[in-house]
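Below, subunit A partners subunit B and then partners subunit C, in two separate complexes.
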Partner chain A sequence: MARKSQALTDRRSGAAHESFLRHRGFFYLKYAAVVSVCAIAVYALTDPTPRHNGGTWLGYTLGVVSALLIVWLTLLGLRKRAITAGRWSLKGWTSAHIYLGLSLIVLATLHTGFQFGWNVHTLAYALMMIVIVSGAFGVYFYATIPQRMSDNRAEKSTEQMLEEIAALDDDLREAAQPLSGENALLVQRAIERTRLGGGVLERLRTSHPQCASGRALAALKAQRGGSEDVGPVTAVLERKIVMLERARRHIRYRALLELWLYIHVPATFGLLAALIAHIVSVFFFW
Partner chain B sequence: MTATLRFVTRRANGRETVRTVETASNLLAVGRAPECDIHLPDLRVALRHAQITVVSGGFVIDASGDNVFSVNRRSVRKLEGRLGAPAAAQFGPYTLTFSEAAGRLVIDIERVQQTAAAAAPDADAVFSLKSTWLSKRAASWAAALLVGAVFLAFPLASYTMKPNAVAPAARIQAGQLWLSGELSDPHKLLAGDCSACHEAAFVSVRDETCVGCHEDTAHHAKPDRMTLARGAPSMVQRGLRTVADTFNKPAGRCAECHAEHNGADGVAPADAQSCTTCHDGMQARLPDAAVHDASDFGRDHPEFRPTLVAVADPKAPTLTRQWTVPDLDRARKEREALLKPPAGAAACDGFAAGQPNFRGLPHPGAGAGLPESARAGDDSGLVFPHDVHLAKDGCVASLAQRLDAGFGDQLACADCHTPTESGAGFLPVSMEKSCASCHSLVFETVGGLTRTLPHGQTNAVIATLLDFYQARVVGAALGGEGAEDRRRPGAAAQRTAGFREAAFAQASGRAAARVRAVFAEGGACYGCHEITPPTAPERLDFAVAPVTLRDTFLPKGVFDHGAHEIGDLACADCHAAETSRTSADVLVPSIAGCQDCHGGEHAMAKVQSSCVMCHGFHAEDPAAPKLGPTRALREARLFAPAPHPARSLFREVATR
Partner chain C sequence: MRSSARNVRGHVVMAPISVDLAILGSGPAGLSAAARAAQRGMSHVLLEKTDHLSDTIYKYQKGKHIMATPGQLVLRSDMPFEAGKREAVLARWDGEAARARINVRLRSDVISVTGQRGDFTITLADGATVQAKAVILAIGTAGNPNRLQIPGGDLPMVQYQLDDPRAYFDEDIVVVGGGDAGIENALGLADPDLGNRVTLLQRGPDFSRAKPANVQLLEQARAQGRLDVITDCAPRSLEPGMMIVDAKEGELRLPCKRVIARLGSTPPRKFVESCGVAFTGPDREAFPRLSPAYESSVPGLYIIGALAGYPLIKHCMNQGYDVVEYIAGNTTLKPADEPLLEAKFAHVPVRRSVDQWLEFLRTQIDIFRELSPLQMREFMLESDVRFYRKDDRIITRNDVGSSLFAIAEGTVLVEIDAANPNVTVPIGAGQIFGEIGLISGRRRGATIRAGGDALLVEVPRSAALKLMGTVPGVKRRIDRITTDRMLKTIFGGDIDQVRLDRILDAATLRTLKPQEPLITEGEVGYDIFVIRSGSLVVEKRVGAKNVFLSYVPAGAYVGEMALFDNGRRNATVRATVNTEVITLPGAMFKELLAAYPNTAKRVQEQVANRRRVTDYVEAQKAGFSGVVDMYTSVADFLVQEGLGEATDALLIDERLCIGCDQCEVACAESHDGISRLDREAGHTYAHIHVPTSCRHCENPHCMTDCPPNAIRRAPDGEVFIDEKCIGCGNCQRSCPYGVIQMEKTPPKKPGLLAWLLLGAGPGPGQASHAWVESQLARRASEAPKVAVKCDMCKGIKGGPACVRACPTGAAIRVSPEGYLRVARMAGAES
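Moving on to the complex of A and B:
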């Protein structure tokens, strides 16, 4: 039995990948769940005067724990810049970040005692929830997208993708040499005006009807059987379209992987400011 | 003429390779088509873009069709050049440079614009959001600074700057941003000024601030007794106390119980825990406490112990709380058995001579003495049988019908007991309002003028009767009004001094007889009051036993009668007045009746009732109306002069 578990451990540590969600057999998930359940139990079993809020002994305790937790969770931003292995590996840290961050939903909500209003206290709570929800999106994307991204890339680096497209453009130039003005212009536009990336929304889009290459291909295909032999050009264009789609999927995946952070991080700093204001206001009007 | 074509290719390292072609023709085709003399393989160049004609001493470039080329960045369709004069023409990415060498036209053909492939873009710029306008850093700074400015700097500034340096509206707004919860109704007025209660920054709200307005609020009990009643704190409580002390929240502050910012009706603690901390098992810690232990209205609450009159005295009655409601009920049943009127006697016969006194207590001069066990009751000093007054038939009912004074066929509770304006309680019963319409104090009607005895002052009653009847007899003797045998004018002279003397003696005797009659059986006072006979038979110093009527028998609790007008619930459902024969009976229902509907604070299928539903906390003047803690607080005197800002704010609003 002992040998078997040893073998399992070896296999696990030797395995190429153990996701940040499953880290150490969901250790931090269990930890966060126990903390949350305890908090709910104490909340349910105590009946403070005149009601639950941030000012009871439980309220202050939950508030202090939540505030320290928020500060620690924020430190992931510093910690992630130093990748280490072992017990306090970055992966472990990330796993704890996610599960303890989610437990804040319970701790901070109980801290409020379900008293909400248009004030700095609820602002801090709302910003915290924005941070957590955006983080949950991040977890979802990081759990699902890398695999799809890897499948899509087909072992190619981003530089290779761009080089391939550039090479296809060269082929296009070559293949389009015999073409007359109109068609040459179409191909030329396909080379010069095909855009990768662009604005935030464009990166998230799954179809790109305005793509110059796509339009050129459609126009040339329509001429099949005409006076000019567009066969070689359309063949190259079709290959280019495939490459473009792959690159655009990659761009979209990258955008999904990155976009939530553009909410998560600024909301975190807003939250830190609101948290300071919340604490100062409580003690100022003590 | 011929020309030399030099196809120049520049390498990345700067070296150039030149392929030289000597042409034999004067006409040079320029275009993308491979058969062109000057083959320019770029899609911006037409298949047959232009033609160069080499002429003597120069050349001419003619663009074909709609094609153009550029010279000095201008689009042209034709260019004529001289041999020896340098010239350049641009076809798409290619530059054709014309020069002369040994009398021959030399054309350098070089691709000057790089292909897209040559300038490899930065992959990260293409694939990452970093190349968009989004910026985590800028957004983070903006969020932090905005929140910090609006929610921290602005309120801090508005409360640390001098009051007159900040617009009141800005101060109110700042307070709203920091408001930790809705204020209770009575304090809502203060929401505009946090510093009305939070007088100093980082200092918890002090009792002096509260008492600034609530100056009449009394302590619950002596502080040392309360400490004893609370018992030794547990380890948890000691820990919490230490933390609170560390954070500058001293023990026993008003705000410890009166937690503000918890909603409209939150400031008066409504839970039982505040009370049961002491009152649960308090007898063990404080054996001499007057109150019994209580921890839950449904399960652990002592039986009601009405506060009764032991010795009536209008000014300072002696009160007692020695009996519980069941004690009183047992004594009442015993009295009923002992004081049963003889068979066949009418309801009013109790008034007749020889019948038991309705008072039912062994009072000096009362009828039958009662055993000790039957004496538990209220000794108000008044004789009042509820059963006689509420009977369907009998003397009272028939009088009510005869009087035509708005009574129905019989008297109802409401005929004497008038609810207060709030409906919670009842106004005191008074002789003038409730009894006098039947129990008239009119003793004589002469010439349409009624003469009434003054109620409540025995000496005044005696004096009134003596004055009236003596005056009347004397008047008759003088031939004035009321004379019994009128004489003819002029006969006065015949009246002798002896006659006058006899008349005065007769007048005194008759007046005294009237006085005795009023206090004797069947007289106006006798029915309701205990009369002490004169000290000597010839004297008239009758005394009426003092009367003390309780407004409430349970002064430590508040019972809202108005709130209990449910369905067809009648007075008699709780108060057994219809069978009560003596005024010693206490008609307060037992707690069991309350517990039919009311349970403790956490009762499952009953009205959840915590201590403060009936009890107030702060000791109050017994004469003050008992309206419950919240109302009492609201009625705290707001308008007495005091320097406190909160009070002046209240005054300002109230006078608006």
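Moving on to the complex of A and C:
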């Protein structure tokens, strides 16, 4: 076995089988921690007059570093879309993005010298915190959802799930042939009005009481033992509901993995604008 | 000539035809030959089975782009040909055939060819005969469809091909034959929109010959009542409107307006042999034995084109021209590929003519001696001549390489000790090396350098395999050399050659199918098995379960433990993929160990290692942990997914995958806008997902039948398709993992910033089909479809983009040893 050397790709840095959180043995976590601890130590050990703020040498340094960091963190969006040649690893970028982004909580807060007010400066700070908190949710979802999503989808692709549901609709149509007008209408509604996905809230919901298929099943089940044999239809409907639940969970997971970005990204652009206003105004009134 | 066959379209004229030259088959080769004969004013007839010229190309799907590779080969024919749409190529040939006054006889199905030079008799299915002085067979390799041999089987309602299922509606149709063709036709006809009533008949109880995907679709359609399927049945007779079928339940009478019979086809070899032509061997790959002038073993009977082993249109057309010139007595004609060969020898500091070179190599190199001059010529077109100075490095240990080298002059030195390059074994003129890489697909086992000035022939894998297939002697020689060197590598190079020769004489070669056991636990046996190609897994039965012990790749050996256990096998060894093993008799092996204590020591070390693993499993038997269970089942899963034959595969750890499809986006961005992987498709087990993506197999299935030899292996092991691809789709059909697509190259997209800031173009990743088509429609020239597959980002700095672009580290690429690490990890963490 030793006669064959390892695949080239195995040896490349960043290609090792580690998650984005553990990348290179938590390198960026350690890096961010050291920077943060140093910043706190310097902050604690110096006593500028009149007090800590953004204008002291420490505050100025922290401000410049934080501003550059914010710009660099924003560039992740460009990095992931520009697939250029070279030894970069998006996992490495993500790892650095997370830990260095979290270190901003320390760096930027120390930069403020804990001076807050109703002004553009605090607006920039608040937007930054929104970006960081939304990002922390993102990290939480990225770390916890994939495994559940994998279990739920059971080797099926999104397309296959939809195809299966469509195939069950065909079966439903057939099974409903002998039914009376009213019951046939219920089944027809289950086929035509069952909806998957939709708006943000719809995608995040865990229960779907309005689902046309669910309602049809409940109505038909209530008639069991009645004049009409609804057994074949309810059997198909039950299978369809199981499939629907799986598909809806899939949609929900995907939504959770994506929706935090709808806060994170716009807030980032707001932050950039506020940051420019902050910097310009500081220099203007200096 | 008494009757002009040109006048017989549609009519059967029984008067015998007498010509100098009869050409069978009107494909590119036959057509070109006929055009040359017409140009020369020879009396000739071109016999075509169907009612149109060039049936193979005629049957291509509408609008298919036909390519003209190899680009560097000059076309020498009286018929024109350039790349273009099927319709354009066919129309041009039809027009040209009429203009050149080629004497065509359509609907002339040849039943037999008898006689010799100067006096051939060709009998046709319609009863007519043709007398000819010389015959050219250019019938290709498509063969004849098997006919429905029942009363009424010749009724016009029976057809053997279905061009467009949408041409039939509201009909009772019976499809006979449950192969892929039959199933696909039946499904097409059973589309509910068409309203056909379709019945599929299958002789056997199931559909073992068809692809699983097709069988699944069929079962689905049957469950939905879209068509009827009758298995275990045979058609008995046919009458207008009715087919009578023998089924399990008894006689069935099926209403039937049309019968589509898809019963496979008979390869043309039988027919060719019935003409008296000898082949190079009994195997399927064998070709007719031919002289340099394309003359077969029957004097006056010539064979050209695909049947002679040349599947490319340009080759065929050139041969058509050449063969007629030869028949007409032109002996000074040089083949059209002469300049290509001249270029191959140009850099060697010795001057010889091409013919002298070919003769020199053929007589100098052992394995080429059995080649005919024609085969030697064809063979050199695919190979390269290399000249090395003393100490030039030829191959390097652990490099990927599957070509075979033959030494024409000089000596090479094999560095058998990786640590000390001064320890070498020479290989002399006339010999070969590199054969282990060729056969097993594994990396090179040793560095080899030139011992002085050396002249070598490098034979690429495809050409070497073709050579082994056509000349049985070559295969036997290479097999023996391979076994000899494998044994020396494994057991040490100091073994006495006489003793080794005895073992080699007794050694036998065995082929295993996937999952087939080589050794079964508990049985008695002493034989030793050396793995020549493929790989094996070793398992032990614990309680009711098989526990995975180890993975044995090509180049290693198994079975030695029994020598120390009184012949009792203590584990089961199974093949993971198609595997070739060399069986060595245990008694001889025992003698060998007795005579060579060093070898014995090495074997004992291996036994001790293997025993430790077995003993550990034995000891754990009682409270066997879930960890090992998991390890075994993950290893099983990976082996089932074909990773036993992979060299580097993409895996996705679904505990990390957020489904962002960045891997696909990156793939498309790195390769002309087409993603070569499908993340979501493929199987998953214990959160390890094997997406639809190339595994870069050790012995790639896709390479087996590539007419222009466009699929190759790069120095780092990547299997890739180069620009010679003609879009035939053979590789797509050969790949068992479905990783090859046939696609048009999409147009260039606007840049990233233009998209980000201005919204121009479709953005990063694979563009939608609609966008690509809308852009392509604006172009004047058409875009041909070519085969597209992963090339592991060959030549792109940084390596595979799918891995680099994964934001969470879910996408990993691993080698076979790596899979087991993955399996162990999954076992430990789950």
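Here is the rule we go by: the second predicted complex is superposed on the first by the 263 of 286 C-alpha atoms of A that agree within 3 Å, B and C clash if a C-alpha of one lies under 4 Å from a C-alpha of the other, contacts with A are read in each partner's own complex, and residues count from 1 in each chain.
Everything that follows uses one rule, which is that a residue touches a chain if its C-beta (ideal position, glycine included) is under 8 Å from a C-beta of that chain, and two chains touch if they have at least 3 such contacts.
Small disclaimer: the values here were computed from a predicted structure and weren't measured.
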Touch count on subunit A, higher of subunit B and subunit C: B
Subunit B versus subunit C as contact partner of A:Trp88, first or second or both or neither: second
Touching partner for A:Ala44 - first (subunit B), second (subunit C), both, neither: neither
Touched partner set for A:Arg254, first subunit B, second subunit C, both or neither: both
First, second, both or neither for A:Val34, with subunit B first and subunit C second: neither
Contacts of A:Ala222 with subunit B and subunit C, given as first, second, both or neither: neither
Partner chain in contact with A:Leu75 - subunit B first, subunit C second, else both or neither: neither
Subunit B versus subunit C as contact partner of A:Val64, first or second or both or neither: neither
Which superposed partner A:Val242 touches (first subunit B, second subunit C, both, neither): neither
Subunit A positions touched by subunit B in one structure and by subunit C in the second: 157-159, 167, 170, 254
Interfacial residue positions of subunit A with respect to subunit B in the complex: 47, 49-51, 53-55, 57, 115, 117-121, 123, 127, 157-159, 161-163, 166-167, 169-170, 173-174, 176-181, 184-185, 187-188, 191-192, 196-197, 199-200, 203, 247, 250-251, 254-255, 258-259, 261-262, 265-270, 272-274, 276-277, 280-286
Partner subunit C, residues of subunit A touching it in the complex: 1, 3-10, 12, 14-20, 22-23, 78, 80-83, 85-91, 93-94, 142, 145-147, 149-150, 154-155, 157-159, 167, 170, 254, 257
List of subunit B residues in touch with subunit A within their complex: 32-34, 41-44, 46-47, 115-117, 120-121, 123-134, 136, 139-148, 151-152, 155-156, 159, 176-182, 194, 198, 201-205, 240, 243, 247-249, 257, 259, 261-263, 266, 269-271, 273-274
Parts of subunit C lying in touch with subunit A, wherever the complex brings them together: 220, 224, 398, 442-443, 445, 551-553, 555-556, 647-648, 653-660, 662, 665-666, 669-670, 680-684, 687, 689, 716-717, 752, 756, 763-764, 792, 796-801, 803-810, 812-818, 822, 825
